[in-house]
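Here's the structure we're looking at; comments come further down.
Residue numbering begins at 1 within each chain, and the chains themselves are lettered A, B, C and D in the order written.
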Amino acid sequence: MSDLKDLVREKLKDGVDAFLCLKDEEGTLLPALITDADSPELELVEAGGARYPMGKILIDLLREYPGKRFAVLVRGCDERALVELSKLEQVDLDRLVMVGLACTAEEARACGCTRPYPSEIALGEKAEAAPGRETIEEVEALSEAERLRWWKEQFSRCIKCYGCRNVCPMCFCKDCALENPHLVEPGVIPPEFPSFHVIRALDMTGRCVDCGLCEEACPADIPLRSLYRKMQEIMEEKLGYRAGESPDEKSPLSFLGSEQDIEKLEREQ
Amino acid sequence: MVDNGKELSYRLVPSTCVYCGTGCGVLLEVMDGRVTGTLPQKDHPVSWGALCVKGWAVHEFVHSERRLTAPLVRSGGELKETDWDTALAAVAEGLSRVAKEHGPDAVGFFASARCTNEENYLLQKLARAVVGTNNVDHCARL
Amino acid sequence: MAEEKKTTAKGKARAKRVEEKDKVKAGKPESTGGAPVGAVMVVGGGVGGIQASLELANLGYKVYLVDSSPSIGGVMGMLDKTFPTNECSMCILSPKMVEVASNINIEVITLADVLSVEGEPGDMRVRLRIRPRYVDIDKCTGCGDCTAKCPVKIPDPYNAGLDMTRCIRVPFPQAVPGAAVIEGEVCRYINKGKCGNCVKVCQAGAIDFEQKEKEEIYSVGMVIASPGYKPFDASRKTEYGYGVYDNVVTSLEFERILGANGPTQGHVVRPSDGREVKKLAFVQCVGSRDVTVGNGYCSSVCCMYATKQALIAKEHLSSIEPTIFFIDMRAYGKDFEKYYVNAEAKFGVRYVRGLVSGIRERQRTKNLLLRYADEDGCTREEEFDLVVLSIGLEAPCGLKEGLGVEVNGYGFAEADSFLPVLSSKPGVLVCGAAQEPKDIPDTVTQATAAAGMASQALHGARNTLLTRREHPPERDVSGEEPRVGAIICRCGSNIGGFVDVPAVVEYARGLPGVVFAEERLYACSQDAQEWIRQVVDEHKLNRLVVASCTPRTHQPLFRETLQSAGVNKYLFEMANIREHCSWVHMKEPENATRKAQYLVKMAVEKARRLEPLAEGESEVIPRGLVIGGGVAGMNAALNLARSGFQVYLVEKEGELGGLARNIRFNRDGADVQEYLRGLVEAVEREELITVFKGHRVVDVSGFVGQFKTLVRDGEGRETLLEHGAVIVATGGGQYQPAEYRYGEDGHVLTQWELEERIAEKDGSLKEAKRVVMIQCVGSREEERPYCSKVCCTEAVKNALALKELSPSTEVFVLYRDIRTYGFREDLYREAREAGVVFVRFDDDARPEVREVAGALQVRVPDANLGNETVVLNADLVVLSVGVTANPDNAELAPMLKVPRNAEGFFLEAHMKLRPVDFATDGVFVCGLAHAPKSIEESVAQAAAAAARAESVLCKDRIVTEGVVAVVDAERCSGCRICVELCPFEAITYDADRRVAVVNPSLCKGCGTCTAACTAGASRLQGFRSDQIFEQIEAAASAWWD
Amino acid sequence: MAEESATRNEDDIRILAFLCNWCSYAGADLAGVSRLQYPAKVLDVRVMCTGTISPYFVIKAFQEGMDGVLIAGCHIGDCHYLKGNYMTAKRFQVLREALKFLGIEEGRLRLEWVSAAEGEKYAEVIRSFTEEIEKLGPSPLRRKRAEVGA
């Protein structure tokens, strides 16, 4: 894809030390860090085809190479992740140049996120968002008892691979509640209900950017994304916050706020 | 932030998980020449971007202190490092001696989940066709 | 080990005393080179004396606490509950008593009376007569074996003689000292030489019949007298038949009947037949407001304690129907009015306004017929099961003879009209009811004030006679397996009566980690502390669990005990099986027992995971800040300065003086303005005080010992003040009336405006034929449901002054209740004698002020004439407007991190025992900022606040709590949410290490940061999540045990 | 001892209450001092401030088989730590909705502001909450006696 090549070359010439995007290595799409404008690797760069947790990779890169500046090819979800991570002080946006890639209409439909494009689009055409609420609606239609049964059934498939957490761009804790024996009993598969999945859902509240990598990584097809999506809906409805959207607005769960806010909250409930 | 002068060195190496025979596709994160992490290979025909808890941790043993890096042969009661030819020769000599003295069924072959199906096929072939015993089993039974 | 130290310390103290005596003989004060003696004698061991003693010890002085009875505790120790919070009296007093007992700088001298006091401030000599106890305090364990064997029965003084005890006994369970005493007059051995059972059974060999009455002289710097009061002898009011009719009891006796630890275990039954009481009557003003018995004054507390007793009686027995017969309902204190209103509206206590003229007993039923005149003046008779006489408070003995202070006509100590703790005799301070009848908070305030004044005279000798307690070195328990000791308290019958304590002990023994479990009758008693020390030692305990009452009052005591046993005091956990169990599940003992077991398991499981915590230390800046330059503020500043500390005094206005500038003379005629001038001069002359006039506080940061306060003047110039303590004296306001034509008609004034004219001898007053005063303007109404306390006295005071100025002027006072408490009652009586007419109106029938033909006309429905409207043409209408809270409090409160009540006044830490403290360390309150009060009360409170502030400033370092948050750097990802969340800016981000760091001196230990840390890097010590998880697991699993 | 007691049966409900030290724990103390009676089916955990109550605690309580969880703290504006309870208010909103979505009756989690002076309110809260939980019955997440190996 010629124009991505040009973009990479251009950014590298503009003084970023490296460009993070995908490349096709003998038919395998994988993230690659291009550091040299003239490297033959440049011929292999790819825009789409697969998604990887670029945010997660950048946390390490920015920390490992404190003097370096990076450019990265971002989709809407990657951008949201990086924005939220910067609020959580995990990435330094000043050392980051985001090159926007809009998801194709087909990708957008398949994915169903609320914003399948970044704030600035360098590549591709802005496609209509096709937010998917089917699962949420299905669950909400159920009675409480049925809901519980439904989720228990879903979670009962969990093999505790921890993939949802490992792949999540927003998970950076050095010590994870999911590995706290008080909360998640070691060696028990599937994990007890509600501990594992509810704890993760709660930690995702005001954090999850709806990239869907968790669900993609889940070998048991647990509808994690719908669970976390619902948490974001709750967050937005109750505390008026959506993760990853505005860079200067922080999650209400990360500051005390004013008495008025709380009184309002109390009145509304 | 001040530059720590480190040369940028980061790449992902496509590989296959060695923990079992399934053969899931992994990408090993290599930073500054050290394997630092694992990602599932999205478009891998076997695992399609999913891994189990072992696969996600497959990078962890790479730099382990306790990892064997060369074959060891016991001589005079203690293990000594040696080259593969010597090691394999010792194994072949030992096996054929036992088979000759006590018959083929005195030998057992133990296959590993860490090997590919092809490797396991070859092992049982060796057992049955070369040594002549059906004593073949695999670690998944343990 | 700590004990040894203590006794040797005591020994030292005794040695010193003897030495002093010799010196005294030599006619010279002890060898401090003429400097004052750094010791104070406190006479009277009630709540006042206890408070003063603790305060003084805290301020660095040796204390001798003298009590004429065998134990300290006073009347408060006999009370069941306290108003207006209905808190258990003993529960809040007992920890303080134990604190006295365990403080090596306080020597308790019981059964002692003061014979004489000589000398001058700084060098006083007190002669004591000490009666024999016949029991060696140091040997007696208070086990009670002697009582069991003693053949001589006597009425139990602790239970007001309602039941019998033995000649030898421990006065009461929480007694301090907790040793037995023998009543010499009735002891068979002493009088007949026979018996001696006690000697035989006492294994401690503590009985000592050799003890003789002795006299001793103590050399001290100052004397604080807090002898309390003498209850009025109800039999003097023959018409009430006390002592004749079985079912007529005094309020003090009824207090014991209500007491769970009393003769009937709190069952409200009649003395005559033990039958449950249905109709209960309280007769107010028995021995108060009654010249016929020589007590013209109001006893100040009876209205409230009767209300309290009625409420508690109803709590104990919901079927009971209490009626209170009263003259005026004197609910004048902070939150009293609400208490009274609720009692009537919510709990159905019946209040009848009418004086009971006589009581007759029905022969058969022993019921009682009360004769009284109702509101309409007609005589009625009503039958009751039990009658409680609300007896008044009389002056204690020994004020004049022993202490040698002047007394007033009623026998109470003569007091300075602006600072009542100053007696007529230099070197002797008087506090509490001995100066004027008063409630517990006012007594505690005065006691603290007295301690402060004593320190003012003696601060040159601060710490000179102090012994410091050293705790034994802390045992290193790291690596040890948890060895938990579980102590289950019966709290007499409070727990034991409803929870199967042995079953709980048995259960505790079975819990993992528990190597010792035993029960105690009173785990908080003094001897129990010693026992715990031994137990910890013998069984090598490294964790302690006490299942008793609430940690909020008793945890400090047990922690201290644990520490004195050489174990880190944070290795302690409490299970609250009283407030949260036995008392709230009285009707389901089985479930209560099981719940108690679960609570114990939860405590044990947490205890097993507790770790020793270290307490930090922080510097103290020895300077004070006083906010507000009114009478309270200036006094507070002066007191601090005179105790040797530098003070910043911030006043928002251009001049000092505050509200008092509007008051011309006080109730005894003293010139307030002259006093104020003197005060302002003194403040401005004092080098140690820096006054910031026209300045406002704009920001406060820091913490106890190290505050930083930014003040700004009118031009916006800012000054940063660094200080160790803050005294809030922001004063109050005056209600601005819109009613009663005020502001429309020049002949409608406020009391202050009238006072001004009186003081100026305004001629127009002489012309005035009739002046009508209206009470409760802006008080005791929907918006301001509180009583402003001062208006009644002010009105009566001005009415009298007016009469004096022009006797021909008619003065009417329209009121709801006249609340001239204490000696103010005299003014009220004088006013009536002087012809001032008092017209009462009902709460819902306020007077009207109209203009009729250019003249003022007041119409009021006279409640004493069946609300028949009385029409008064008036030349002047004077409004007694209420006191309001200072609106500035609203912005100051968050800066200082202190709360306000619904009315906007500051809310103290504890209504009864911490009247000038805030929950926030190092911040104190006094004057109208706290609640409406008179000048002399403000001055006393100011002195108290100063004393409390002094107790911070006089230390060079402050120990900070161990329960603080810590951030585990290993786990921290540096997201900085905790930095943002901390309400006290205690967390900062270390950019180099990329982790958050907590400042333990700023951390208040709320743990808000911990819940926000998904990585669990931030932890609250003592409340770590793993410890709480264990409690949760215990709670759940206990179910299956 | 407990075992012999006749009154206990498997379906008795149990409630865990998290109380802040300064207001609600004191309120509970006052309820006790005032001898106000309420059902003995609640066990309480004292914390310094409700702000320190992690959603994990609540999940843990349900996980362990508690039938109801009460969080009680100072009224907004009365927090001894000024604003700690703000976080409680926010977290509670989210937590309750989450539980609801998962099919755990929202009535099983309750937040109440109880001051140190509100002994009566505390008793009333426990009474009504106990009643509500009794209506809902044992939690569906409860493990059977066998599972806890008792």
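Criterion: contacts are C-beta pairs under 8 Å (C-beta built on N, C-alpha and C of every residue); 3 or more make two chains touch, one makes a residue touch a chain.
As the structure is a computational prediction, the values presented were derived from the model and not from experiment.
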Between A-C and C-D, the pair with more C-beta contacts: C-D
Cα-centroid distance, subunit C relative to subunit D, in whole angstrom: 33
Distance from subunit C to subunit A - Cα centre to Cα centre, in angstrom: 59
Mean-CA-position distance for subunit D and subunit A (Å): 35
Euclidean distance of C-alpha centroids - subunit B vs subunit C, Å: 78
For subunit A, residues that touch 2 or more chains besides their own: 177, 182-183, 253, 256
Touching two or more other chains - residue numbers and ranges from subunit D: 55-56, 60, 83, 87, 91
Per-residue multi-chain contacts in subunit C, two or more chains: 981, 983, 1008, 1012, 1025, 1029, 1033
Chains grouped in pairs wherever the two touch, ordered by label: A-B, A-C, A-D, C-D
Contact footprint of subunit A on subunit B as seen in their complex: 1-6, 8, 10-12, 14, 25, 27, 29, 31-32, 36-37, 39-44, 49-53, 55-56
Parts of subunit A lying in touch with subunit B, wherever the complex brings them together: 17-18, 25, 28-33, 35, 49-53, 57, 60-61, 64-68, 92, 95, 159-163, 166-167, 216-219
Subunit A residues touching subunit C - in the complex, by the definition given at the top: 88-90, 172-177, 180, 182-183, 203, 250, 253-256
Residues of subunit C that touch subunit A when the two form their complex: 970-977, 980-981, 983, 1008, 1012, 1014-1017, 1025-1026, 1029-1030, 1033
Contacting residues of subunit D [partner subunit A, same complex]: 55-56, 59-60, 62-63, 76-77, 83, 86-87, 89-91, 93-95, 97-105, 140-141
